[in-house]
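Each structure below is given as structure tokens.
Both of the next two complexes hold chain A, though its partner changes from chain B to chain C.
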Partner chain A sequence: MMLRNFAREIRFLSKDRGALFWLALSFILSVIAVSFGVTEVREQRETIANLIEEDAADRANALEGQEDWGSAAYYAFHFTYAPPSDFAFAAMGQRDSTPWKHRVRMLALEAQIHEADTRNADFGLVGRFDFAFLAASVVPLLLILLLYDLRASERSASRHDFLVATAGSSLSLWFPRALVRVAGLALLLLVPLWVASLIAGASGMVTLQATGIVVGALAVWWLIVELVSRIKASPSVLLTSLIGLWLALAIVVPALSKAVIETNNPIPDGGEILLLQRETVNDAWDLPKEATMKPFIETHPEWREYAEIEEGFEWKWYYAFQQVGDQKAAPLVEQYREARLRRDRQAGIAALLSPTSFVERAFEKLAGTDAVSMIAYEDEVRDFHAELRAFHYPLMFPEKDYDSGLLAELPLYKPES
Partner chain B sequence: MTAITRIAREEWRLWLRSKTVVAAALIVVALLTATSVLTVHRIASEQSQRLEQQVAAEQTFFAQPDRHPHRMVHYGHYAFRPPPPLAMFEPGVDAVTGQSIFLEGHRQNTAMFADTKAAADLGGFAALTPAGLYQLLLPLLLIVLGHALFLRERESGTLAVMLAQGQSGVKLALGKATALLVVIAIFMIPLIAVAAYSVSLGESALAAFSLVGGYFAYLCIWGAIVLTASVILKQRAVSLGVLIFIWLFAALIVPRFAINASSVAIDAPGKIESDLVMLAEQRKLGDGHNAADPAFQRLQDQVLKQYDVETIEELPINWRGVVASYSEAELTELLNDYTEKRMGLEASQSRMFEWFGLASPTISVSSLSRALAGTDLATHHRFLRESEVLRFDFVQSLNQAHAEKLDYTTDINRNNDAASAQRARINSASWQVLDEFRFAPDSASKRLGRTALSLGILIMWLLLACVIVLLTARRVRV
Partner chain C sequence: MTSPLEARSLSLVREGNTVLDDVSFTVAQGEIFALLGGNGAGKSSTLLTFLGFLEPSGGDILVNGTSVGSDVALARSAIAYLPEAAALYGHMTAYENLDYFLDLADKLASQAEIDAALERVALLVEARSRRLQSYSKGMRQKTAIALALLRETPILLLDEPTSGLDPIAIDEFHDLVKALAEGGQTILMVTHDVYGACQVADRVGLLRRGKLVGSFAAENNKRINTEAVHAAFAEREAV
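Right, the complex of A and B next:
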């Protein structure tokens, strides 16, 4: 019985030109979204591969002819980066507005890590047409257009009551009709995503989760449409109300939550970090050497016996005040980082109120392009910078003889993911 | 009362009686008011904050004690970009780019601490601005109001009566258009208020009211599209569905599609990438810190000859300062070369994006609005250029002081002991070389000039839409 219902509905659907149009459109949009995504990820990977090579060549060049540890550290830059994940094609997320590549050296990190080598600002402002955007914002509208007049059109054709009476139960009539459409929409959206996942080599688990998110979101919007279209009103009033609901859930709720979250969680002015760091580093030149070496030894007691600075300029003193500059700024940096994480956590909760925000965030999380991932990358840069220091201090402080061969052991940045 | 105004009045009467229409209009008004008030406040506080920061940065620089001049080169300075008055309507790219930049010797830094980096991420629409509401929401309101403008007469059978009475389809359409125009005019009031306020804050009236004109044209385009649909299509629901699809396409899909397309079509390298290419070249120029670099041999010969002396010790000026100044100039030229190339590529990406206005008036109006408000990519690029000039000027003035006010022998012996270090300093009065920096947007006519393409496309859209309305209205049959 149920099967017959479905067979009948598929036959009906194949004659419903309007519905076929929306379905075809969602397929085309999905193909476009994932193709752009796959291309972009490929480009970013190429850029990274290129930069790794150029960076190594530049460093080798810079290290050539150096005669002491201090200059070697001063002139050698190191490329750090967060490669796009295998699923990043589906959600570029924060990668357009937050930097994912740096070149750092052993100077104070706070003067370097906030550099923003991001792309054309228009990209970050307008945003990309990626799968996450399609699934989060556009698909609900397509679903609304596909479903809103299932009942109402029969009602305006005066067949509604008759149909319900013949079908026996309202469920066996409307449910297969809507289900065929929703399932069609889901399938047409997801097939390009699955193919792209295969091409990009995304893990099956991630693709499965993404599928779950899309299906879940469709189910939520279906429920909304279903509830609204039970109201006995003309199709155009129904559609207007549904569009109104979409606006509320996709625009108003996110905008409101964002405003509230950001007001309640003020973030330290980033400029202050830089300023504090710069003042500390620059003041050090004029201060007695002990003023630098004392706080340095507090965090690096192992170099206590080498902390006596006798000359007017010594590299170890120079790098010590760079380190102290970072140490001074550390509490502010931590506040900045914490505030970002706190805002993101609250945004995660607020997103429960908006299916659009939820889908977008969920995709970014799967793709490793959310705020947490970007902050994790910054943490990796910090760790790497600490490694650089850990490499140089044992050479610099005991004033070991310069041996360029040892520089082959320089730490190399390796992204965790 | 003419037939046209009578038709328009009748339309308004019906709208005011419809709960859906009134509710939709009230919601839009509430959103518009709330967003405008919030944005005006935010921009005002940012503006005064950045100005204060700029002044503070200058005063700290001036207040630095006697020092070795090269120390001040690395001490550096900050440039801030306060938002222009119209940013309270259209904040534009400012949120994405960061609005402060650290300036120091031998390096061109990027603008840092963009708002988006620390923003609560709630998806693409969460960053609501008044301009965004005009671009996205008002067309939707026009659709809700107008999708059945003409259709209704057809549905209720009054169309046949009116045509039989000798009213032409065009007259009827003009009446409906008038009704819609009044709606548009009413919704322009908040924008006009913001524009007037911005003029009172020193914005040029030309820019502010061109902005008003641009949005008016944009909404008229939508009005005409809506009217056309209601003339051609025979069912309300179909008309509404088609219009919403057009909106979905023009306002949501095409702009993002255009971003992807221009990113794929034109490859603009990032800063690190272009820097690395440049660094290889830079190495050929020698290092500004090391005056013994062989690359400076030629310079040395030339300077020695110029002063007619044998050794650099005999020079009346400090050789190290000369080297610093020479290599800063060389390096800057090189840096600027690459930066200009990079900015040029970014500008052509944005240009290509603008051409997509042919497929979506939303793109045209948003480009126009950013350009007029002084919050577009071109303004950001100008900020980078001007802050670079500021950087180069103060660094070179310090290098000049290095060459002229500090003796060479004292300079090279500065690390011998504390007293030598003390001697190798120059008077802090030399720090006054720093120029005052107040970033201001381009002149109104220049900004207007930048909108030529978008404005042209927008006007084309408007004409096309009006012609189509008239053509379809002329052919109206029952």
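Right, the complex of A and C next:
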């Protein structure tokens, strides 16, 4: 019985040019969004592959002919990166506003990390047109256009009562009629996503979760449209109200909560960290050497017996003050890190007020492009840098003889994910 | 035996206005009852009350002896309703419209049955595969009548069924309605067409500003109680 209702409404839909137009548009938009994402991920992967290749060659070049550990450390750059996940094509998320690659060397690290902050272009209010944006912001609008006048248009054609009288009950009419549209929309959106997931090699579990998110979001918006269109108003009044609601839920609430969260959780500028660290490092040149070595030994007591620095330049003093630069910046860095995490947590709560924010965040999480993932990458860079120091200090402080053969054991950056 | 249609002291208020006031009548099985009245007399409202779209503010309305309010779906399933404005889909052909609405009514009909029904209402064969938006008012009305026929429900509610039909089509329609009644269907039709109503109906009711002011048997389909009819329309201007 229900199946027959659906079959009938599918035939009905196939003659409804307006609805077919919106459905076709959904499919086209989904294909575009997904291809943008796949292309972007491919480009990022290529960039990474090229940089990995160059990285080895550059370092070999830089290390060639070096005669002491200090210069070897000074000239050797190491490429670090967060590779896009297999599902990143669907949601570029924070990758667009947060660096996902850094070339670092043994110098003070935080300046190297935060240098990029000042260079990264912002995508502005709208963000990138990826699948997450489509599903979160555009799809509700398409759903509204597909559903808002199901009843109202029949009412204004004075066909409503006739239809209902013929159907006997609303359930065998409006429900299948709406469901066919919602299911069509879901399918036309999801097929490109599924194909891209297959091509990108995303895990079935992740794709399934993404499907669940899209279906859930459609269900929520359907409920909203359903509740509003019970009002016996003209189609244009309904459309205006629904678009107003969409503006509120998809644009105003996210923007407002973002503004409130950002004001309540001020974040030190990445540039401040950069400046503080540069100043610390620059000042160190003019300070007495103990001023550097004392705080260094406090954190690295194992090198106490080698901490005596003679007049003039010594590499271990140089690297000690780089390290102290990081130590000085540490509280600010921690503040920066914590504030971003706090903002993210609060944004997670605020997302409960807006299906749009909720979908976007859920996709970013699945794609590993959320704030937490980006901060995790920064932490990986810190860990790697610590490994570099752990490699060099035992050679540098006891002033071991330079042996280029040992350089083969230099730590290599390996992304965790 | 219970009557297929019965209004019991029916009163109806729409947006604060009394539209029906203490209206009582029954329509027996196989009977054609025509409700006559001027514009705004409450004819269409009466039909909508039988279909459960309007709730009586007093009295009761019964279909096959069951109060409509207690089981709307049951009442609707017994009724084929021809609305005032033929409300089929303009972007679909006659065949597509019939296919859609018959399916909606959970009624199976073969292509032969559909063609036979369209034949009975005299809808041209060439027109049947054309979209209704290219139809004349009368052609649309004929398609809607064909749908009502195909439903084969025990009861027919017809709201101005002959509006838009030419005189020959009206005659044919009246013959059709009589044949249906002879076949056992119960028919309640509302109209302004005094002469038509008296020709086709077994009984005529006169509705004036929401009140049933009289009803008489249209004997031999000839004699018309002109005085009563004129009285029924008399207050038209005041509405």
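Please note the rule applied: the second predicted complex is superposed on the first by the 403 of 417 C-alpha atoms of A that agree within 3 Å, B and C clash if a C-alpha of one lies under 4 Å from a C-alpha of the other, contacts with A are read in each partner's own complex, and residues count from 1 in each chain.
Assume a contact is a pair of C-beta atoms (placed from the backbone, for glycine too) under 8 Å apart; a residue touches a chain by one contact, two chains touch by 3 or more.
No experiment lies behind these values; they were computed from the predicted model shown.
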item: Touching partner for A:Gly244 - first (chain B), second (chain C), both, neither; value: first
item: Partner chain(s) touched by A:Phe12 [first = chain B, second = chain C, both, neither]; value: second
item: Touching partner for A:Arg159 - first (chain B), second (chain C), both, neither; value: second
item: First (chain B), second (chain C), both or neither touched by A:Arg42; value: neither
item: Per-residue contact with chain A, leading partner among chain C and chain B; value: B
item: Contacts of A:Ser257 with chain B and chain C, given as first, second, both or neither; value: first
item: Partner chain in contact with A:Arg4 - chain B first, chain C second, else both or neither; value: second
item: Intersection of chain A interface sets (partners chain B, chain C); value: none
item: Contacting residues of chain C [partner chain A, same complex]; value: 48, 51, 53, 72-73, 76-77, 79, 81, 83-85, 87-89, 91-92, 96, 99-101, 103-106
item: Chain C partner contacts - residues on chain A that touch it in the complex; value: 1, 4, 8, 11-12, 15-17, 157-159, 161-169, 172-173
item: Chain A-facing residues of chain B, complex; value: 20, 24, 27, 31, 35, 38, 53, 65, 67, 71, 74-76, 78, 92-93, 95-98, 100, 102, 109-114, 116-128, 136-137, 140, 144, 147-148, 236-237, 239-241, 244-245, 248, 252-253, 255-260, 263-264, 267-273, 275-277, 279-280, 283, 346, 349-350, 353, 366, 377, 380, 414-418, 420-421
item: Chain A - residues contacting chain B, complex; value: 18, 29, 32, 36, 39-40, 43, 47, 50-51, 54-55, 57-58, 61-62, 79, 93-94, 97-98, 101-103, 111, 114-129, 133, 136-138, 141-142, 145, 148-149, 152-153, 156, 234-237, 239-241, 243-244, 247, 250-252, 254-255, 257-259, 261-262, 265, 267, 269-271, 274-275, 278, 282, 285-286, 311-313, 336, 339-340, 343-344, 346-347, 350-351, 354, 356-357, 360-361, 364, 370-371
